[in-house]
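In the two complexes below, chain A is the common chain; its partner is chain B in one and chain C in the other.
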Partner chain A sequence: MSVWPMRDQTAIVGIGETEYTKWGQTRRSEFQLACEAILKAIEDAGLNVKDIDGLCSYAGDRNEPSLLATALGIPQLRFSNMLWGGGGGGGSGAVHNACMAVFSGSANHVVAFRALAQGQFGRFGQSRTGQKVSGGQAYGAPFGLMTPAQRFALQTRRHMHLYGTTSRQLGAVAVACRKHAQHNPRAIMYGRPMTLEDHQNSRMIVDPFRLYDCCLESDGAAAAVITSAERAKNCKQRPVYIMGVSQGTGFQQGSFADKSKFDTANFEEVAKDLYERAGVTPRDIDVAQIYENFTGMVIMSIENHGFCKKGEGGPFVEGGRIEWPDGELPINTSGGNLSEAYTHGFELVTEAVRQMRGTSTCQVKDAEICLVASGPGVTPVSDMILRR
Partner chain B sequence: MSVWPMRDQTAIVGIGETEYTKWGQTRRSEFQLACEAILKAIEDAGLNVKDIDGLCSYAGDRNEPSLLATALGIPQLRFSNMLWGGGGGGGSGAVHNACMAVFSGSANHVVAFRALAQGQFGRFGQSRTGQKVSGGQAYGAPFGLMTPAQRFALQTRRHMHLYGTTSRQLGAVAVACRKHAQHNPRAIMYGRPMTLEDHQNSRMIVDPFRLYDCCLESDGAAAAVITSAERAKNCKQRPVYIMGVSQGTGFQQGSFADKSKFDTANFEEVAKDLYERAGVTPRDIDVAQIYENFTGMVIMSIENHGFCKKGEGGPFVEGGRIEWPDGELPINTSGGNLSEAYTHGFELVTEAVRQMRGTSTCQVKDAEICLVASGPGVTPVSDMILRR
Partner chain C sequence: MPYLPAEIPLPQPTVDDAPFWEACKRQELVIQRCKNCGTFRHMPMPVCYNCQSFDFEWAKVSGEGTVYSYANVTYPTHPALKDRVPFNIVVVELPDAGNVRMTSNVVDTPFEELYIGMPVEVVFEEVTEQITLPRFKRAQT
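On to the complex of A and B.
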């Protein structure tokens, strides 16, 4: 395969985020949260809002680009785009879409972001009597699969059945994230350490997921500015280059027809594209941010990305292997969705940028290459590889 | 300005559409309509569904890409994308997004489409008691601006006030579209000719819009396959090259704060980008497909695209100037949203391709360059220039 045309041609030059607060505790609207994160990212890049001409998001962000552009004072919007059909699978994908706009000369500086104030709109984690289901949900709802936890519990239970993955191994993911959050004052779980025994004693939500297997429910927003590698040279921060980025689905990913889809985070094909585009292998990855709606999916995502063989993800996450500072693959060094905040995984993108700048609160020494894996799911997923 | 990198680098190689039927009369689901239009476009291109690796749409198309990919048998999806925040403003923009995916090496063959079975989900044209409004709608709803017709009537009335535009001039747009539909057996209004007097005698919907100033309410879907100019050479049909394509909004387009936004279809900045990217001027355009949710917006769109001066759009559309075969700028040669079908304007994209292939039922002689203007609106709009 020839070299991917976009390799190293675009860069993230600014990041921003709001204060992260527990579900329902922010006093600001989701729209205000979006504006604040976007403005902070622009400021971080040393740019003016007048330089921005693109906005993109994912997972059906409730804001409207015209209103954001008007409120922010963006003179002209040349690109406004939504990754389609993804939930948390869209963080890297939104960055991907921004890269394409920049690379094609269709926009100069694009902000990718996600704003989420679940407290104002209802909880992902709950189903309601009389709830309307549509599309893919319609296949699961008659069997009681109404919430994300129910759906992913089914997959995690199958992984446990096939490979002997244990609840303590799920817990190891939660413990690593919580440990990292203890160094990060932005994290909602900062100052609230957790042991594996705490995890084991936490209440069952949907078997096999206990409370601490589930991502936070929080309010906040995070954003990143993407531009060309050439323009990046003139920005305030050291550019973080996008080596590779990919999005999508494999065959019948959206189907319950194929039981081989039940023990995977569905990154097989997308990860293969990713490594080919970036021109690196799993061995080159120094640090990773791996989307965790639920702990079990991290284990499968680690397998999908080639850090270990299929079925070996459980043992892989044990023994501190995914913990900073000494693990061989530190993951979610800000605390991630489980312990920093749940911005639908965009906080993993901003943390990846910090790692490549050398400014994380759990900075991996001499880290040069970072993986971001966005989302497991039956909907499209996405991932990317950044370098300093 | 240097040459736009994407000029002539991508092409539309296949088009497809379902049967178009009146609101509520299709026996198929919106999902089936989408699949049928997509499969027809793939067949038209001489490709196999296994060649397709991207899907994009706009205006919140209700289908889900994973389910479409599964149903169609697409082996791997590498791009799934939704123009964000547009209504009918997204037809050319969806093609734009597909072009970016192809040009950046992120996908090989992308299908852009729109499926719309309003009969199964409620009508755009009606508001309901207790209807929830959000975002930009919230600014107009307290003043009774609930439906698209109400909103655009306000703009059209202002154009009439400022420039003396008349109801008969609005009617000239409707008459031209209906005339073209008499040659097009696909058109819902095929076999139902209309005179200017019929227009004047039709009932008032929202002053100044009479029934025949409003787009159809219909069920159907349309699709187009986009690939690189290089791959296009190996496809079955003569490629139609995308010279330029742009999307977006100008300053405060999403706002009611600026009254200068009330007599325009909001294409000023987007059209400027478009002509620069394509390297042509309005004089080079042989035929145009101009989105008509309502006749008044066509007049403003014609002004925005530089075919006449601001305020002169009313006289411009008179005297058969926009009618095939003798007009100097034939528009909407299939009948368009007003008389062929309302697929949210994607039928204008497929008609533009036919004009460039030389296969329209109102074929403009020796036409080499075609403009597509997608949408007026407070949300992002988009437009493109195709060449044979």
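On to the complex of A and C.
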């Protein structure tokens, strides 16, 4: 097979993020959070607002590119883009779309971002539906199925039934992320360590998920500047190259109850594309940022990306294998959605860039290649592989 | 009293799925079946995913199924559910409808007794004058 034309042809040259706080604790609007993260990313890249000509996001981000361009003083917007689908499935996908814009010559410097103020606009852990629901929601909400935790509890139960996955294995994911957050002053859970017993003693939200199986609900924003590999050479930071990136969904994943498979995070096809495009295998991955909406979905993502066989994700996450510094596959080295902040996983994109620059607070020694897996179980999902 | 209160979000039937909800009011469970290739599908869609035909019927099915997965909600995610936890959410597979699955609740079984593969049968709960929901109970046979 010929080499994927976009391999190593684009790069992330700047990252930015706001202060992260628990939902409802920021005094700033979601729109201001978006503006702050974007400006920080531009400054980090050593660029000027006037260099930026594209903006893209995902998950129905409320902060429209045209308004952001007006607020920030971007003189000409050449590319504005939204990836369909809710949840964190578009984290790498928004970067993918930015890459395509710069690779095709449609724009020069594109900022991918996600801003989320659950205090201002409502918590994901509560019903966000109206009194009447139609379409897919009509087949869930009237039966009490109103939150992501409930959906993914049903999937995780199925995985436990088929493969013997245990609550303590779910807990191992949460403990790893929390451990990493103890090194990261940005993390909402910095200074609040957690043991496996703490996880086991935390209250049940929706069995099999306990409180500490669930991601945080936060206010914050994160952003990254994408440009061509050629232009990246002249930027302030050492470029982080995008080896491969992919997005999409497998067969029949759109209607929740009747989705074709429950015991998967929906990455099978997307991960296959990813590895082919990047030209690497799971063994080449030094560190991974694997979106945690809920712990059980991380285990399925690890299986989908070929780090172990299907059904073996539970045992895989035990024994410190996913923990920095000694684990063979450290994941979510900033604390991730479970312990740093929940910006729909874009904070995992910025952490991946830090790992490739060598500036993470849990820096994996000599790390050269980092995987980002965005939004397990939703549709579409997306993936990318970065290199130093 | 219905398994869950009428104050949580209820279906607004659309042109694509009104016959499903109308059948529930008649205490019938109907599932879309393609008239061209016979493939069942759920949730309702205007077109067959197998052969892309728009020609379909609403086939009355037995309402006998098995539990495909289940969860127990202990944290109320809607104000109307504050005093109604815990409750279960199940996914039920319908063998006589091409193994399509639907989200529902098992109304008569404590959570500890639910299991994957458990036989269940449909019951209809009139939640409002407009809406009757298909729920399930432990199979008698």
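Convention: the second predicted complex is superposed on the first by the 367 of 388 C-alpha atoms of A that agree within 3 Å, B and C clash if a C-alpha of one lies under 4 Å from a C-alpha of the other, contacts with A are read in each partner's own complex, and residues count from 1 in each chain.
The rule is simple: contacts are C-beta pairs under 8 Å (C-beta built on N, C-alpha and C of every residue); 3 or more make two chains touch, one makes a residue touch a chain.
Not measured: the values here are computed from a predicted model.
Of the two partner chains placed by superposition, chain B and chain C are both touched by A:Q252. When both complexes are overlaid on chain A, the residue A:Y241 reaches neither chain B nor chain C. In the superposition on chain A, A:V378 makes contact with chain B only, not with chain C. Between chain B and chain C, the partner in contact with more residues of chain A is B. Of the two partner chains placed by superposition, only chain C is touched by A:G140; chain B is not. Applying the stated contact rule after C-alpha superposition, one finds that A:S106 touches chain B and leaves chain C untouched.
In the superposed model, A:R157 makes contact with chain C only, not with chain B.
Look at A:R78: by the touch rule set out above, it reaches chain B but stays clear of chain C.
Contacts of chain A with chain B, set against its contacts with chain C after fitting on chain A, overlap at residues 134-136, 252, 255, 257.
In the complex of the two chains, the chain A residues touching chain C come out as 125-127, 129-147, 149-150, 153-155, 157-158, 161, 203-208, 252, 255-258, 262.
The part of chain C that touches chain A in the complex is made up of residues 4, 8-14, 17, 41-43, 45, 49, 68-75, 77-78, 81, 87, 89, 91, 100-105, 111, 116, 127, 131, 133, 135. Residues of chain B that touch chain A in their complex: 4-6, 53, 55-57, 62-67, 69-70, 74-86, 96-97, 99-101, 103-106, 134-136, 246-255, 257, 269, 273, 277, 378-380.
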